[in-house]
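These are the structures in question, set out in turn.
Shared between the two complexes below is chain A, which pairs with chain B and chain C, respectively.
Right, the complex of A and B next:
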């Protein structure tokens, strides 16, 4: 991505012209760490614990990294600041893209990594770091098969067609949750003798004189968000892997990047999705990339907290098999399978929650989830479209007309209004009962983070890898550019998590 | 903008529970600065130079800061890495917004700071830091009058109506260049006994044990971009002011933030518009904000390098008084006074340079510039619309129809096609000769940078001011959000430059 500056870099220049002179200002008295200073401790006299590889964060990426490092024979410690392992991944929706998969072959869907990459770039407004996005697309099917073959993850039999994807290509876990992957990852680690150590919080990195990351200072017994743990020094003889996730739940930091995202905007993420890990990386000179691009999920319900169970209805039933209307007009207003930003912006623009609906045929694939969605009042069930309209204050005639027009599009195989991709199994809306839900966007994913290369190495502000450090998952920016496509987070985390773990394990042991 | 985290911050916690223990890892041997480490030297045994206030950068912001500090009785050194002073400001277009100005009153234009703020927020996609944007809008007229009354800057008699502004409100310097302001600033400083010291390059900040910025290490005799200067330590007894501008010309850094901005995309900026100052600030823990929002100027000509002289024709004549057409179709395709992003995106979407044109009445206000624009081949002159069409390969009939329709809009006082604001003095296009120019966007402004508060203090990653440091101008992010409106850069630089200078001068002297 980056290009070489003209001539020598300043640092190259300094080295060649006598770098020593330029360090004359560094006194012998030692540099105290002050509140405003970049924090990078020196090694303690004695390490409290020592491992080959220290993994910070226990979501998809951290666990994948740990598994790879452990498999390669390294000793590993996975730490998690929260009281439970799994980070945000364990409450993730469990949908995971694979280009050129066996399920696609079976369904007669033609797909390639290049097509997935194109979809990612288009949604990402071409801000994506091409090498990173390309790596994820290329490895997408391999990593999904890895979850099946190696982890034993079980998936639904049918692919899901999510917004922004040219074709159906997303596997959905049997329980509609990322926990189906995370719990298998944890089980696999356990089988290798490793447990995620919870309530452990990264305080700062520790570097040697050459700037190599050789360990961390952490709190053990940390209670989020207050602290209160005992300070411990942990040696990483090979490397530290940062997999601390995104910052969707970090009110101060997200509102610096996007002041609209105040306390009044909910998030789908767990409370621990905060920026501390990212900030520590910035403090040691990691390069920030595209941090102000923050994604809102268009399928979120204002009638429940957090991610909830509504998104499965919106994304799994209403968007592909039904319609979304503005309750004020009863009209559709956007391609229900456009990318997340386009849909979230369109909903926000109406100024009020909108309504998504599907009929009894449209909910077939998520049927097992319906009872709970209805019980919680997130999804409602109606005998007629008119009753549905009345419940949400939608002009009934207008809604009937919208559905009539849409059914005509289905019969003719083309959405002449918004160009929505119509799956083969889409049927006209008409078979009672009808199901509906309100949607209003919530903060879901932070596209930006620190810059990494395809080897999962964070790059510093001089475009050089930070030795002894790897990063993977949502903390790394650039993969998704401006907008992340649904079901591309899990592959991102697993692909770069595995790379980070493999590379960390291959480092020489330093003591 | 930012909000307090729940409970104690980690640092507050550490302090209360015995911060000393947490620093056990800091050995007595001193922390060597390595390539990857945040750079913040300790004080040298002897300073080579000493001033109350050190200003880095000699554009609008740096000079405004220096003037204020000097006026308040502080000793000041303004340094500039390039061989000439003025930074990018001296080649800026010299247009400067003022809400509620005497020129508006004279022209019967109703305007308020709130309306300017609204325009800024709308263009900025509401990513703007409200307090910063509000401060700029509120002080806009005051600071323009300051350039007139205090600096003696001379302006054209008529206001310019730039894209994205609800009303005409922008002053234009007599010579259509920011040099009209910059040279007066330099003269004012000279009258106070100060000269801009060129070829001086910031290498790193120097902090005391409490983390306060107390000076800098720099190169004297620096030759951009290679270096080669002598290393000097400069004390800042009160404060350092960072006013190093944006990074539109920094190929590696801008392409990390937006990979589309490769070497093939030109910039309007001078070659010194690079990121070193910003990177130094990040290295000491300043908070990055919205760095990936980079603006392209829609009025740039592909027929000349850099900013050039074409933008005055496009922005001062063709956009307000003429039309822009796609040469393939001969049709208008966007409101010629939409904000810069909307216009640049629309031009880029056509895939080829577009054509802007005006008739002899439309060029009245920029008439003195025409001969040079024509001589350089940037603007072309035609006796008839058909000749103009032929020259650019535009379907002639289509162009005549476009102009006919547009003239109808002018007669009826409403642009029914794109809703362009029609100034009172807009006349139908028809009086020969006709003038035209090709447009193709160039990188023009970097909206993001480091976070500051309304006192021009950079905030660190813990949301605290970095003591002894101020920042102003393009290096500070958040003022303009996603998109900066034309003529709002100069007020941003001058308003926060003056605040920075006043606050720096008011600091206690430390030695």
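Right, the complex of A and C next:
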């Protein structure tokens, strides 16, 4: 985990010195300015750099915003605090949902944005902000086609059916990674004359006397998590776009929101998924939304670090085509395609990692990944179900019965036990070899964040848009409510990233 | 009654002192005075010292095991007589600047404008090491391939792993549990 503080933690420091006001002053080594002045005061005597639009964060949302702003003719600087671009986006699993897509039409699957919205609301326990979720559902197919037509992203031929979705609707990148989109975004930006500037860290916003965001103070040459960059003032003549992502890897902040998420709980995220950007937005008065709703992914393996390569087996093969059992009983215990929270909570309730399995037909869609998954010991291969049972300590007779029952449901076209959606091409489990992996939840996504409107403007505590500021992606809250559906973060980031970039570019230049 | 100038100065000095104490590095808001690298407080980096002469920079600090032979006149090929790659590799045992210098690549070669300027970019490495593709070819077939990442492609800064003035590290290890022998 990213334990970045030595000695005093931030909270102890605040208690001891009496207030958040002093903390930012520390950052500038500021002997002259107090941070309150730095925020509400006029611009520094001299800006070190000046752009129309300053984008903070280089994941799906930040890059989409930068591309749109550049296309509209604005000068843009994209800054990234880590040494590499792409944040979580560049390491993600490469699935993206589209409601009413060409691939669905080809496969004879009926789908609409309204159905996707219904699925998002149901999983989100109706905590979703309807206008935001609606916008994402409405534009889901448009934005996926944008990644293909405008960015040149390549996808596989078949759709993936992820948990909580009524129908299969997720496109899957050719390399099973979000990098297929991000690297295209970076290349497109490069062709437009912009490179992501790494090792640049947002310290504070700079506002004018009316409270408008007119620039930022940053560290150039920042080394996560230690710090150490040179302080620079960057002017944003039109707007700043905050796309700093979520905080799943921020052990102190996430455990304040949800004390169960201790050091022992692994995360799928890259180490830089921490809350500094979010906290800075809250500091200037952005409204917090549902920050304690933190998602655990149910398809992760405890036998490898982080996200790894196991999830593709669980989500692409075992959940849709196979079964998940509690190894102590050999029984199914939940709908394998329920939403993430329902599955993760059910696994946690058993008190130990559970086992997901599929046979040689069930793994067809992810077959190219199997050799590596097996080599790394994440997925295991067996000649018989009994051998599989023995390996995980599952009562063999019970497992055979579970599989037999499940096969009966397939023959009759209905999962009478848990109501799982049966894929059009699902087959009874029986063809050797058999494959299995262990699953145990890992911290994956932070649904909450700052409130935005459908124009990607953060709203302050008086419900007014904060002038000169936009936000998009995981840092914003309200799109997904209590639980995010798989492959819906990418559309959220791209839809609102593009809106933020377009709107930022349309702002009038401040002199 | 008006406070004297003296009193005001004392108060100002006190406030300044307080602010200086408060600007001690804390959390992510570290002041720009913090050293940019772990090695800033380390041994002197004498550009003229012979590569094998540890004492010249490290002084009396022991950097070699007690029973190590005399290295003063050695170059890299001499080290490799004992430190062959498979069993006694020198990888990650010392900063890469040492390996370069033992291989007759001096400080000036990477720092043509002097060592007090900005750090050389990856382009400097590629002056000798060819291109990203050439480097990737050297590890093609390795799994994982450290020079061709499914996330970042081939064009990553060499310095992410191959530190010159600190021991090299395995950048992939942030997320993955592979052991890589990183020069």
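The rule is short, and it goes like this: the second predicted complex is superposed on the first by the 469 of 511 C-alpha atoms of A that agree within 3 Å, B and C clash if a C-alpha of one lies under 4 Å from a C-alpha of the other, contacts with A are read in each partner's own complex, and residues count from 1 in each chain.
Convention: a residue touches a chain if its C-beta (ideal position, glycine included) is under 8 Å from a C-beta of that chain, and two chains touch if they have at least 3 such contacts.
Fair warning: this is a prediction, and the values are worked out from it, not measured in the lab.
Trainee: With both complexes superposed on chain A, which partner does A:408 reach: first (chain B), second (chain C), both or neither?
Mentor: It touches nothing on chain B or chain C.
Trainee: Between chain B (first) and chain C (second), which, if any, makes contact with A:226: first, second, both or neither?
Mentor: So A:226 meets both chain B and chain C here.
Trainee: Contacts for A:462 in the overlay, against chain B (first) and chain C (second): which applies, first, second, both or neither?
Mentor: After superposing on A, A:462 lies in contact with chain B but is clear of chain C.
Trainee: After the superposition on A, what does A:83 contact: first (chain B), second (chain C), both or neither?
Mentor: Second partner only, chain C.
Trainee: Once chain A of both complexes is superposed, is A:258 in touch with chain B (first), chain C (second), both, or neither?
Mentor: In the superposition, A:258 contacts chain B only.
Trainee: Spot which of chain B and chain C makes contact with more residues of chain A, would you?
Mentor: Partner touching more chain A residues in the overlay: B.
Trainee: Which holds for A:203: it touches chain B only (first), chain C only (second), both, or neither?
Mentor: both
Trainee: Just to be sure I read the superposition right, which of the two partners does A:282 touch: chain B = first, chain C = second, or both, or neither?
Mentor: A:282: touches chain B, not chain C.
Trainee: Please report the chain A residues shared by its interface with chain B and its interface with chain C.
Mentor: Residues 4-5, 7-8, 10, 13, 17, 22-31, 201, 203, 225-228, 231, 276 of chain A touch both chain B and chain C.
Trainee: Taking the touch rule as given, give the residues of chain C at its contact with chain A in the complex, in rising order.
Mentor: Per the stated touch rule, the residues are 16, 19-20, 22-36, 143, 150-153, 156-157, 160, 174-177.
Trainee: Can you list the chain A residues touching chain C in their complex?
Mentor: For this pair, the touching residues of chain A are 4-5, 7-10, 13, 17, 22-31, 83-86, 90-91, 175, 177, 179, 183, 201, 203, 219, 221, 223, 225-231, 270-271, 276, 304-308, 372, 375.
Trainee: Over in the complex, which chain B residues touch chain A? Could you list them?
Mentor: Residues of chain B touching chain A: 1-8, 10-11, 13-14, 17, 21-38, 40-44, 126-130, 201, 203, 206-207, 209-212, 217, 225-228, 231, 233, 251-253, 255-260, 262-263, 276, 279, 282-285, 287-293, 448, 451, 460-464, 466-467, 478.
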